[in-house]
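Each structure below is given as structure tokens.
Okay, so subunit A shows up in both of these, paired with subunit B first and subunit C after.
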Partner chain A sequence: MLALSLLLAVTAAGCGGDDGGGGDEQAATDTGEDAGGEPQRGGTFRIQTDAFEWTGNFDPTGEYLGTALGFYSSLLVRNLMGYRHVGGPEGNELIPDLAEAEPEISEDGLTYTFKIKPGVKFAPPVDRDVTSKDVLYAFKRIGTPSLVAQYGFYYSVIEGMAEFTEKGGLSAKGTNEISGIETPDDQTITFKLTEPTGDFLFRLSMPAAGPIPEEVAKCFMKAGEYGRFLIATGPYMLEGSDNLDATSCKSMKPLPGFNPNQRLIMVRNPNYDEATDTKEARENFVDRWEMTLNTNAQDIFDRVKSGSVELAHASEPPEVIREYTQNEDLKKNYHSDPGDRTWYITMNLTQPPFDDIHVRKAANLIMDKEGLRRAWGGSVKGDIAQHIVPDTMFNDELEDYAPYATEGDAGDVDKAMEEMKQSKYDTDQDGMCDAPQCKGVLHVTRTTDVWKAMVPVIEESFRKIGIQVTTREFEDSYTVIQTVKRQAPVSSTPGWGKDYADASTFMVLFDSRSILAEGNVNYSLVGLTGEQAKEVGAAGTTSGIPSIDADIDECNKLQDDERLSCWQDLDQKLMEEIVPWVPYLDANADFVTSDAVTHYVYDQFAGEPGWAHIAMDPSAG
Partner chain B sequence: MGRYVIRRLLWAALIVFVVTLLTFVIFYVMPPGDPAIRFAGKQPTEATIREVREQLGLDKSLPKQYYTFVERLVTGDAAECPQGVEGCGWPGLWISYDSRTAVRQEIIERGPRTISLALGGAILWLVLGVSIGIISALKRRSLADRLAMGFALFGISAPVFWLGLLALFIFGSEGLGIDAFSTGYVEFSSDPVGWFSHLVLPWSVLALLYAAFYARMTRGNLIDTLGEDYIRTARAKGLPERKVIMKHGLRASLTPVVTMFGMDIALLIGGAVITETVFNLQGLGNFAVNSAASADLPAVVGVTLVLAVAVAVMSLVVDVVYAYLDPRVRYS
Partner chain C sequence: MATVAPETTQAPLGLAVAGEQVTGRTPRQLFWARFKKDRAALLGLALIVLLVLLGALAPLISKLAGHGPNELFTREMTDEFGIPLGPNGEFIFGADKSGRDLFVRIMYGIRTSLIVGVVATLFAVFIGVVLGIAAGYFRGVVDTIISRTIDVILSMPILLFAIGIAAACSATATGCLNGLVKPGLSLVIFIIAIFTWPYIARIVRGSTLSLREKEFIEAARSVGAGNGRIMFREILPNLVAPIIVYTTVIIPNNILFEAALSFLGLGVPDRIPSLGRMLDDASAIFEDAWWFMFFPGLFLILITLAFNLLGDGLRDALDPRSDR
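Presenting the complex of A and B:
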């Protein structure tokens, strides 16, 4: 393991705490502008990744990996509502995809009725029109416990979903239906909700809610099994889908197009009818997609440069960033776009000295965020984060909101000390944390290069206000901070990306109802009560820990501008009245492409390349 | 000899059994985290964690889990293989938590990659190391000896990952641009030439490290052996020098080399992690490291078992070869 770490260290070539290699050069913009002439149709687009990290083995019911969500949404699965798969705010807006038009929504906001487009077909060997029953079947799979729908909680607002799950879902003996979903005919589907849910359409855009043919999927009733047999509805399908013998469960052999450890190969779906889709959503220039594993990240970038691979799906070493941002010939091949992902230092509200809000505010004021960004590779890696939710998700309306702004984002000793003076841990009010609890504070971080490079910046920042942190690097640092009884006081491990463009997908991190003893993502334990602390094994103080559960519920009922404004207010409340984090980076999603990629587009929804619009020189691949 | 081999095979079976127990204790009883949480997604709920735990069999008592593990190992897992999973059978190594593929199938697919790397590299380093060792021992303090030992020092000192990256830099797209030497593995059955060319660099890198050890060891042993009384006697009897060295000197001096060779091969079959990673061979070593990192317990245990069997078998082979090389060794 040590040896591997050394290897990775070398391949990353000393991703250090200096100016890294990021540089401040501007990368190519990816709003869909063409890089080289009229996009051509054809070609085999080769992608290499240094690690496949599927979370549900590519079964859309359970899969939660952003990369997979991008492939489904762009290429494989047509949901009732979908995206344009372009960059910027436009890419986060919903448009009808499988649905003929926007749904009819009842006045009380509880009933959504969709009409399904005629002519959308399943790929071979199913070869039939998609009906409302196929969408209903997808929801039945979500509600089936054995299929472990990893974001199934989004659909608990559908009437009868909980009862359906309790009875065992599709595995129940006898009839089991979801009372809140009706399919009066093949083209109509109605959802009845138990409470107004402003982001319900976003939830319907998630791939788990896309149509699934029962005749194939019924054979795969355990988590992660259906991924190797996925039947597409989009413009592409898994290679070998047309040769799948679906006459019985026994006769079906895994499709050669997907091996979870080796490859994902997608080819054109002969049953896809362009007339049922729009060019603004999908242009489908490329003939064939090949994503394969290459365990040597440096080799991936070498191959992209030499043109034997079209896109690197791996973290760029600093020298690669430096080369691509400074070399005029290569600049056009480096693409860096807002990833709708916040990286942050989390502070545990139950653990001293972070159980004092003044210490948490002082931490925000003293942190050298620019130093942390340099450890990541410089400005090209993203904007400095000043609050919880990435600005792009608020349409940049909170762009100027920076409650702890300091000059050059380098931290401000005077301001931080002023704040610290108000803390009980500053016993002589000199602006320095001097109580015994300020010494040897455990800081949990990762073993990887970027995080190692951040350690001196974090330690030095805290030292300036008297907090002496003791850093421990863990290979499984997420496990450490997700286990409440380990009481990690402060950690620079986490980052969080949106599931869809609604701030609710961030606010779950502060919902006390989601606190678990193990696997907990509310690392700061916002809203933890004394009783709950006993249940989950939290041993620190719980007095005075504020809760925002009611605020979350309130915002969740709203729609459109009211909803946006509600989340913005809640973000500000979190930053000023609770202060659970030191957010430091609104990370970009960056990718390196070869010269053969003539038309690169970024997909804001997935935080991935916009596969549906990318074009290449067909003679290259 | 036959009884000896049978006795050793029984011991090997016992050792493998003990290894299964130890591996199980290390990975199942003392895991770094709950694998069920790892496989329950980014925002797990109590219900999903419970369901995953049940599906992975982690809700059972530890003795029950171990019993099931041994039962599958001994009787095979084909009967309970989930729908759509290929490659279950004997010995039953069950299903990878991570990829839902049969661990046995993964080992069958990845084994040839690692074995190709290990055996090819071994032949190269054996030929290279022993030859250099002999020349060096016979031409002590000559220029050839110094050059050979300089080479050995370089081979021992240069880290494998550095050598690997250097080789790729020189021959890869950034250097000479020889496509045939690029990373990745090509199946022997589909393209023997491609198989060979894609393994030349990994073999060479691996051989450079090991050959250095073997050269130094052969040189030292041969120098010692050539100073023995029976070598002087052989020369006094008028035997040709070539025969003295090859038959009497080298044969005796190679016994420690054989021991080391056997163990090196066995350990490499467990996976030459770094070489596999640098050259993107995706063999057993790479599989083991990724599985350990993702708490994929059946996969980790599967590769550990392969390694245990390889070590047991190779140590038996070494002992048998020993008897052939050294007339003093007899098994009865």
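Presenting the complex of A and C:
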């Protein structure tokens, strides 16, 4: 089940890679107000992207793309708990959305009871109040195998969820209920958990857990189908929703507002009542949203500059970033904020020479991280990463923690050689890796520009301590490193973004229980046992690999500050005692907007523009 | 296809100046007399000599410049956005995306182009000559098999196949055919040789077909010469001229082939400088870094131009009857 979380890595990774970044302080501050006085209502906000990369065809049950999570949470779906859709730590905090207030939690931490706000309605053609049964129905869809809930594992802590799925979910013959979710009346819903779960509310804020009307969705029982019939509860809905003929399954034709390869068009939901919402969560200035595909990224940026598109949802080439950060007139249109995502070089604990912790430490000390960052477009792309979890997710409390810091982040030959001397692969202890295993070490990377530009930096850095890597570029490099039996020793492919603001969404990468033969995201194979190695096809050094499973379980039981410091300790343990990565970039999420955008806000939860607060000049376009 | 046969006794083609005694000249003298009058060909030859020198002396040039071909000058030669800086006193051709000295890399790139172009062509010529003579000499089944193979290879979409082979053989560190074809330089040479030998083979086969009927072959056979001797001692020397001409025409094509493969990311690895790969890397940022596209492109043009000029000149000089 856990393997599915890789998708976010891929997508967030994809986004991270494609979205570029620019996190200098000056840019980060325009998260709040821009010039231009009071934001105005109205306007058609045009977005162009160079690739639609939906992972579940926009069906909230299965969809795992950060871009989609942003649209759902800001505009379309109201979960029990939601976000303010603003930048900074505030944007990572939960607030009640569909729920009237914070839930009642039992003393043992196992029972959560919510009261649903009255007056929240489904968009046309459903036109009725949202009830607790609609939330329950969403969970039934999560538990239905044919609908492929890509992060369904988050909800396996709910009592009876596993049994419900085993019986076939909604496709089961006869009655099938989730024993741990009760709906005593239309306004009340109770969740019973099998173990205390400190981040359960975060899990409830993920769009798959938002209400779904059974009368429409029951017609769509294959993965992704419901995406073209999504019935909104938020301030906006898919265009054409009001013309949907929902009298029978056959009469429903896909909504014109969404085509997975062409467009996403959202208009105001007439059933949305502002009184049920707060201004701090959603202000809804814009009248209409149009997101379309344009595979020519250069053209997208040209259009944004000329004002025929309001926002570019594509990777900025370095020259665009340079132009927007240096030209005084354009500066205000470049927005860059912490993306809560880490880019890193992963080292395989089973493969020589990286099966030796001294080599892994030396790799951290020698890597020219600033060189890597320039391959991305320089400091505007984010801060140099010194440990696993992005600083923003630790409230910057580990900001000064940099166990392998070097001057100018250029790598330090002396320090690295000192570390290398202690390795068995340095047979004459001169600080250079000289065993036969140090030659021709396979380095897996991507074929795209940023990754190609990183290759010389990585190769040269490793050479300084005698490790000669042979680089192979793969179009499907994620598949290569996720297939254990291919034994990739080192890869610069991956990045990982949070699902929600809890470090557990990073630690899953080091959980031995998440190791799979294919689709494995524990690339370093932390915690691998000899038995497991046989099962998944791992070879090389498969004994004596350290595990942090117990630490993860320990932290997961905790809440609030205790939880935070538990994860911080674990991050440090990983960096000092296990050293699975060379983290190099705490990446930003950056976007370029046109002059017509008068008020830009960043949504920390999704790592996307804060659509619910963005405003434009209504006369544009 | 006409050939220059040593046995021909026709009148010398060199101009006899009135009043001077008409002297017999060897074919080699005739060739040289014609060739040295061809200024374009001489220019081509001079360029090739120069480029070969530059390529051969690349390590020395690198040492003089003080920059290795893979040495990074990220801090000095890229700006804070990672965009390379242009030519200056120390980096006369500017830098590439990683801040490496473009001048030094181009010198090594010339070397790569020449090695791939020449080595791959030699392989192709070797295969093409052997199979071409065999097909033309033996005719029958042998000819059918070889000629149809040639037809099949020539009808393949070369680039697509090359992409396929390159991708398949680059998927692992060991390469394909049990490690015989390893990703990198040898893979590129292998692909190019595989797809260019048929051109040589066809021409050799055609000439062999007509040569094998000539009297001197019959004479050789009548004194008891075996097939091997006839093919390689009697026929082959008569094929030298067209082979040389076609070789010089194929070399620049193969250099461009390597550049194309590298441009598509299927050529030599990044550590081995390649003009094609430089052009690929430059394509994303050439508006901001003209030098990154200009200099590699210029040298690629020079190399192919030089070989083409030389090839034309050789053809004219070796085979005057094909003249315009």
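In this section, the second predicted complex is superposed on the first by the 592 of 621 C-alpha atoms of A that agree within 3 Å, B and C clash if a C-alpha of one lies under 4 Å from a C-alpha of the other, contacts with A are read in each partner's own complex, and residues count from 1 in each chain.
Methods note: a contact is a pair of C-beta atoms (placed from the backbone, for glycine too) under 8 Å apart; a residue touches a chain by one contact, two chains touch by 3 or more.
Everything numeric in this text was worked out from a predicted model, so none of it was measured.
Partners subunit B and subunit C, once the complexes are superposed on subunit A, both fit on it without clashing. Put simply, if you stand at the Cα centre of subunit A and look at the Cα centres of subunit B and subunit C, the angle between them is 40 degrees to the nearest 10. Once the two complexes are laid over each other on the shared chain, residue contacts for A:95 go to neither subunit B nor subunit C.
Shared-chain residue A:375: touches subunit C; no touch with subunit B. Legend: residue contacts after superposition of the two complexes on their common chain; A:330 is shown touching neither subunit B nor subunit C. In the superposed model, A:322 lies in contact with subunit C only, and not with subunit B.
A count of residues in subunit A touched by subunit B and by subunit C gives the higher number to B. Of the two partner chains placed by superposition, only subunit C is touched by A:449; subunit B is not. Residue contacts after overlaying the shared chain place A:435 against neither subunit B nor subunit C.
Contact with neither subunit B nor subunit C is seen for A:405 once the two complexes are overlaid on the shared chain.
When the two structures are aligned on their common chain, the gap between the nearest CA atoms of subunit B and subunit C comes to 9 Å.
Listing the residues of subunit B that touch subunit A in their complex gives 32-34, 37-49, 51-52, 55, 82-86, 98-101, 106, 159-162, 165, 168, 172-174, 177, 179, 182-184, 273-274, 276-282, 286-287, 289-290, 292-293, 295.
The touching residues of subunit C, counted against subunit A in their complex, run 70-72, 74-75, 78-83, 97-98, 100, 170-173, 183, 265, 269-271, 281, 284-285, 287-288. Contact residues on subunit A toward subunit C in their complex (touch as defined above): 317-319, 321-322, 325, 368, 370-371, 373-380, 408, 410, 440, 442, 447, 449, 452-453, 455-457, 459-460, 470-474. Every residue of subunit A that touches subunit B in the complex is listed here, in rising order: 1, 3-4, 6-7, 10-11, 51, 54-57, 62, 64, 145-146, 148-153, 165, 219-225, 227-229, 249, 252-254, 259-262, 293-296, 298-299, 302-303, 305-306, 308, 475-476, 479, 482-483, 508, 514, 516, 518-519, 521.
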